[in-house]
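Next, two complexes with chain A in common: one pairs it with chain B, the other with chain C.
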Partner chain A sequence: MTEAARAPIGRDRRPFMRRFAIAAEPYLYSAPALILIAAVMLVPLVIGISYAFRNVILLDPFSGGFVGLEHFREMAKDKAFWLALRNTVSWTGWSVLLQFVFGLILALLLDQPFKGRGLAQALCFLPWAVPSFLSGLNWAWMFNPVIGPIPHWLYGLGILPAPDNILADPKLAMWGPIVANVWWGIPFFAITLLAALQAIPRDLYEAAAIDGATPFQRFRSITLPFLAPTIAITVMLRTVWIANFADLIVVMTNGGPADRTQIIASYIFTQAFRRLDFGYASAIAMVLLALLLVYSLLIVLLRQTLLKEA
Partner chain B sequence: MRPKRLGFTILHRAAILAYIAFALFPLFWLLKVSITPNDLLYGEGVRMWPSRSTFDHYVFVLEHSDFPLFFRNSLIVSLSTAFIVTALASIAGYALSRFAFRGKFWIVGLMLLTQMFPLVMLIAPIFKILSPLGLTNSLTGLIIVYVAFNVPFATFLMQSFFDGIPKDLEEAAMIDGATRFKAFRQIILPLTLPGIAATLGFVFTAAWSELLFALMLISGVDASTFPVGLLSFVSKFSVDFGQMMAAGVLALIPACLFFFFIQRYLVQGLTAGAVKG
Partner chain C sequence: MASIDIAAIRKAYGSTHVLHGVDLTIKDGEFVVLVGPSGCGKSTLLRMIAGLEDISSGEIRIGGRRVNDLDPKDRDIAMVFQSYALYPHMTVAENMSYSLRLRKTAKDKISTAIAGAGAKLGLGALMERRPKALSGGQRQRVAMGRAIVRAPKAFLFDEPLSNLDARLREQMRGEIKKLHQDLGATSIYVTHDQIEAMTLADRIVAMNAGIVQQVGSPLDLYDRPANLFVAGFMGSPAMNMFAGTYRNSGGAPRVELAEGVAVPVGEGIAAADGAKVTLGIRPEHVVVTRGGGPGIQAFIDLVEPTGFGTILHASAFGSDVKAFSLERGLATRGDTVSVAFPVDRIHLFDHEHGARIG
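The block that comes next holds the complex of A and B.
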């Protein structure tokens, strides 16, 4: 036996030390990852929470004092913040809903066996490989009437009165980033839902078909109940993720025109990056975190109820 | 029954083709504008293919701009991040897969927590911590941050791949006198190569795409990554669409190559990971 090489501490042959070495092994394996996570994510998180109650402005040597709930009072009066909150709801709601509906349809389509399915699947999932900043830029160019086709198509269909850039129109601008996000995010839903679909036992469908169930009945009473837990968890993760996802908006509209596409995540970034007001940015981030935690808790409870019924 | 079945098949194929067209059209457009000569750009703006094509935009981007530098920076950052993350996630994922220990619940909980909170919240504190260490405006600083952000998900991914390999293999090796680490290195790791490839590819793509932290932490041209470079290019020369799109196509190549290479494994990994998450 080469016990000596087992773990750094294992060189000591006393039984207690050996027991200790064996117990410590999993911790040794996970230590590098954990130390890094603690140093780069948890410590900054705690500091970030403390910033929310302090006056922290980068490059200002007189800042740093404790201001209590001042940032939160400021936020309550900040019209841009409330607008960003409303925008976050519509941005997240529409993005998740459309990604989910199209992702489910795509997963159902790809679940049917057909010739060339592997290639079709790889092509359908390709948008997910496109870096998010690049898909933002790409869609911004597609919406630009000078070089992009979309305004001309919308004009031709009679949807737009003139071939203008919808990203410059305060009423429509939000649809630009939403379309880009839907295009980019459908594959993720499709991949997870497809995996869940393929886990459903096939004989259930055969039995239902013998009993004379219509395709719609089969979908409602077999597919949906089986997918429900996956749907709940995927929708939850994606909602949290999309609510935090500022890249597309920063790249496509930078929150404009007139803050009509500013969401909380991009507003935080603007406060930190352009105004260097880290204290206020952290206070807003804390509100976003609290809202997302409440939301996740609700979804987890909903999922538990669904699982109990199933 | 027959005609109905045929109708369904046609509908199904048409729907698949329609989706593929929707998925690929923006990429096609990027390519199309990048090879359109400047004098045709506005006149033939909405034509599906220009009457003449040129590679001038690519030549310009490669020879007269900072993009080769950005490309090199991005490659260094993404490759280093991918390899470090995969190494750390392999051993941590192995621990989660093979040991039952008291701290496991807390480690998994901690890693799940990191997936939940808004990363934008960390921008300010991370900047304040890295700045006195001289790690802002440096590729090393960016790599450290990206590694930490990507380790939790990569660990879950690796854990699900290890779960798929029977325990008897390393137990047999350990009875034959190998240490656990030796068994892990010589028997288990080679079997997990597809999983390792998937994790490498996933992390590479994530690091290649990251924008906000790169914007915040990097201010000079020397350490700019591709996203930052492309964005500053866009705000500075916002009229030169051909060159921007040529740069965009170049940025797309590494990510798409990696994706094609690992797509199959990633679907398996996400499946197993999603069930646990």
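The block that comes next holds the complex of A and C.
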């Protein structure tokens, strides 16, 4: 907003510099923070986005020219991209769903009073503290029939026809990183849902018990409505996080076998740092960004409606 | 509607005993108030009747049926909570109909029940609102509406008016009493407010430290408190209590409150000559006269006008004597007056155990 628009026309007789100083004051106060944010967030973002429309290949000294939408046209024909997109959906969907279900069950269990609850809570939240690379390595070893027990257990239970490494099986490989991710991510849901559970007034449950509600009916008509806003926001955060989260996949399968565990995030990593095609990688990243923005917007709208109702 | 029988009920949390054997029979349609200071076990007793707390020992019967091991939902009782405990995501109508919907009551019956309760409580225009859009008094009404739509065997009230301001509390007190007169439902009401207890109850159960101190009609408790606890708890301003010595030799029975200060008391008091006693008299029964009247000389320390009357604090025989008078200009600070304790208004308690002796 300019000073001319603000001041009543023809009345302000103060000198121009003084009026300018008054108008600029709030912007000067916020300038350091704004400049910092622009420098460390917006500038790299804009440069990254600009790569999507340029031909940036690290090993080609003549690259860098403007190519318009060429990368996006290429992407539409890229079978590996579409496979990675499908893989991203199943990787994200199953991971979030299972993390949420087990996290909710864990939170409900930890909300019950029992002896040693404090210790149990601390132990249950432990996986969250394990570095993702370490947990990926551990799970990769556990799925390895030479040193790990899991293939033998699955074979013993009759789930696998032979004690093979599922990470090497194109049909099953995705389940390896998903299992590791679920194990690693349950505590996030458990912590946030437990906090939300503990904020529900106890006498509501008592009133419902007297009104004649069974434990399941109490869960449905009290617990779920109270948790809904928290569920919406945590599911959104985790979905965005997991869709972008390639650590476990890179460590456990590196996208293989035959690209069956390649997700968009790991495909971007491969394009940028293996093939050194930064332009194409940026274009893929933009598509992922757009998809996640649309998804987040939907969840935020859903949460607003939930909050308005509650 | 049903009677409620409570027999030798005890409650202990680990080694902490909260209730030490409570016996109580509540008649069909009776309004019983459990009153006592916080921590006396009154709420615990109510929650045990509701089924929200386990019973350590003893037996509770509702309508003749033993309910010790029944879930709250199978006891057919309704409860109004101090916090109202309304379901925040449901409208007023949904809050009130929740229990009926759980019982799969027919839709038309539900709407008749809700409309009836809504009309009775003046909630008609608020049916589609959510609790957060209601005032404290309205929420309180919804909580009561939720209880009455079910037509349960008994109503349990757990300090339902504590969260309201004084004016609204008085109004709701009247409404609860009227509601009870309309419905005639067996009701148990827990409060720490002795005025609520006095005004609402058919019978008051005064409790302290997990033990029932006295059971009786409000005026019974007020006029003939069974012990020092009840005497001190009921009534505002509180009863005057003076330590003294009972004498019946060498003259009429009397209590010596101090050197040369003796108050005559009635005949037939169960105490020996020289026994330590506590003499109690309610402030409104203390007779204050100015200038050389009968009684004990006293000096006015403090005058508290309440509008309705005046509370006088006087010092006499080394104690503080409170008197309540409807007369306004009776005395001012620094006046010398005489205070008298009419014989038929005096309560005497055993000094050691606090039990009433006359």
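We adopt the following convention: the second predicted complex is superposed on the first by the 270 of 310 C-alpha atoms of A that agree within 3 Å, B and C clash if a C-alpha of one lies under 4 Å from a C-alpha of the other, contacts with A are read in each partner's own complex, and residues count from 1 in each chain.
By definition in this document, a contact is a pair of C-beta atoms (placed from the backbone, for glycine too) under 8 Å apart; a residue touches a chain by one contact, two chains touch by 3 or more.
As the structure is a computational prediction, the values presented were derived from the model and not from experiment.
S.K.: Quick check on the chain A-based superposition: chain B and chain C, clash or fit?
M.R.: They fit: once the shared chain is superposed, the two partners occupy separate space.
S.K.: Counting only touches as set out at the top, which of chain B and chain C does A:131 meet: first, second, both, neither?
M.R.: After superposition on chain A, A:131 lies in contact with chain B alone.
S.K.: Per the contact definition in the header, classify A:107: touching chain B only (first), chain C only (second), both, or neither.
M.R.: In the superposed model, A:107 contacts neither chain B nor chain C.
S.K.: Regarding the shared-chain residue A:96, is it in contact with chain B (first), chain C (second), both, or neither?
M.R.: neither
S.K.: Classify the contacts of A:221 with the two partner chains as first (chain B alone), second (chain C alone), both, or neither.
M.R.: It touches chain C, and chain B stays clear.
S.K.: Quick one: chain B or chain C, who's touching more of chain A?
M.R.: Answer, by number of touched residues of chain A: B.
S.K.: Which holds for A:213: it touches chain B only (first), chain C only (second), both, or neither?
M.R.: A:213 sits against chain C, while chain B stays out of touch.
S.K.: Quick one: minimum Cα-Cα distance, chain B versus chain C, in the superposed arrangement, integer Å.
M.R.: 5
S.K.: Both chain B and chain C contact which residues of chain A?
M.R.: none
S.K.: Per the contact definition, I'd like the list of chain B residues that touch chain A in the complex.
M.R.: It is residues 12-13, 15-16, 19-20, 22-24, 26-27, 29-30, 33, 41-42, 45-46, 88-89, 91-92, 94-96, 98-99, 101, 103-104, 107, 110-111, 114-129, 144-145, 147-149, 151-152, 155, 177-182, 205, 208-209, 211-212, 215-216, 226-227, 230-231, 234, 241, 244-245, 248, 251-252, 255-256, 258-260, 263, 266-267, 270-271, 274, 277 of chain B that touch chain A.
S.K.: Give every residue of chain C touching chain A within the complex, in rising order.
M.R.: Per the touch definition, chain C meets chain A at residues 50-52, 71-73, 77-79, 81, 83, 85-89, 98-99, 102-103, 146, 150.
S.K.: So in the complex, the part of chain A that touches chain C is made up of which residues?
M.R.: Within the complex, chain A contacts chain C at residues 201, 203-204, 206-214, 217, 221-222, 225-226, 309-310.
S.K.: Which stretch or stretches of chain A touch chain B in the complex?
M.R.: On the chain A side, the touching residues are 1-3, 5-7, 23, 25-27, 29-30, 32-34, 36-37, 39-45, 47-48, 51, 56, 58, 105-106, 109-110, 112, 114, 120-135, 137-139, 141-142, 145-149, 152, 183, 186, 191-192, 194-196, 199, 230, 233-234, 237, 240, 243-244, 246-247, 250-251, 265, 268-269, 272-273, 278, 281-282, 285-286, 288-289, 292-293, 296.
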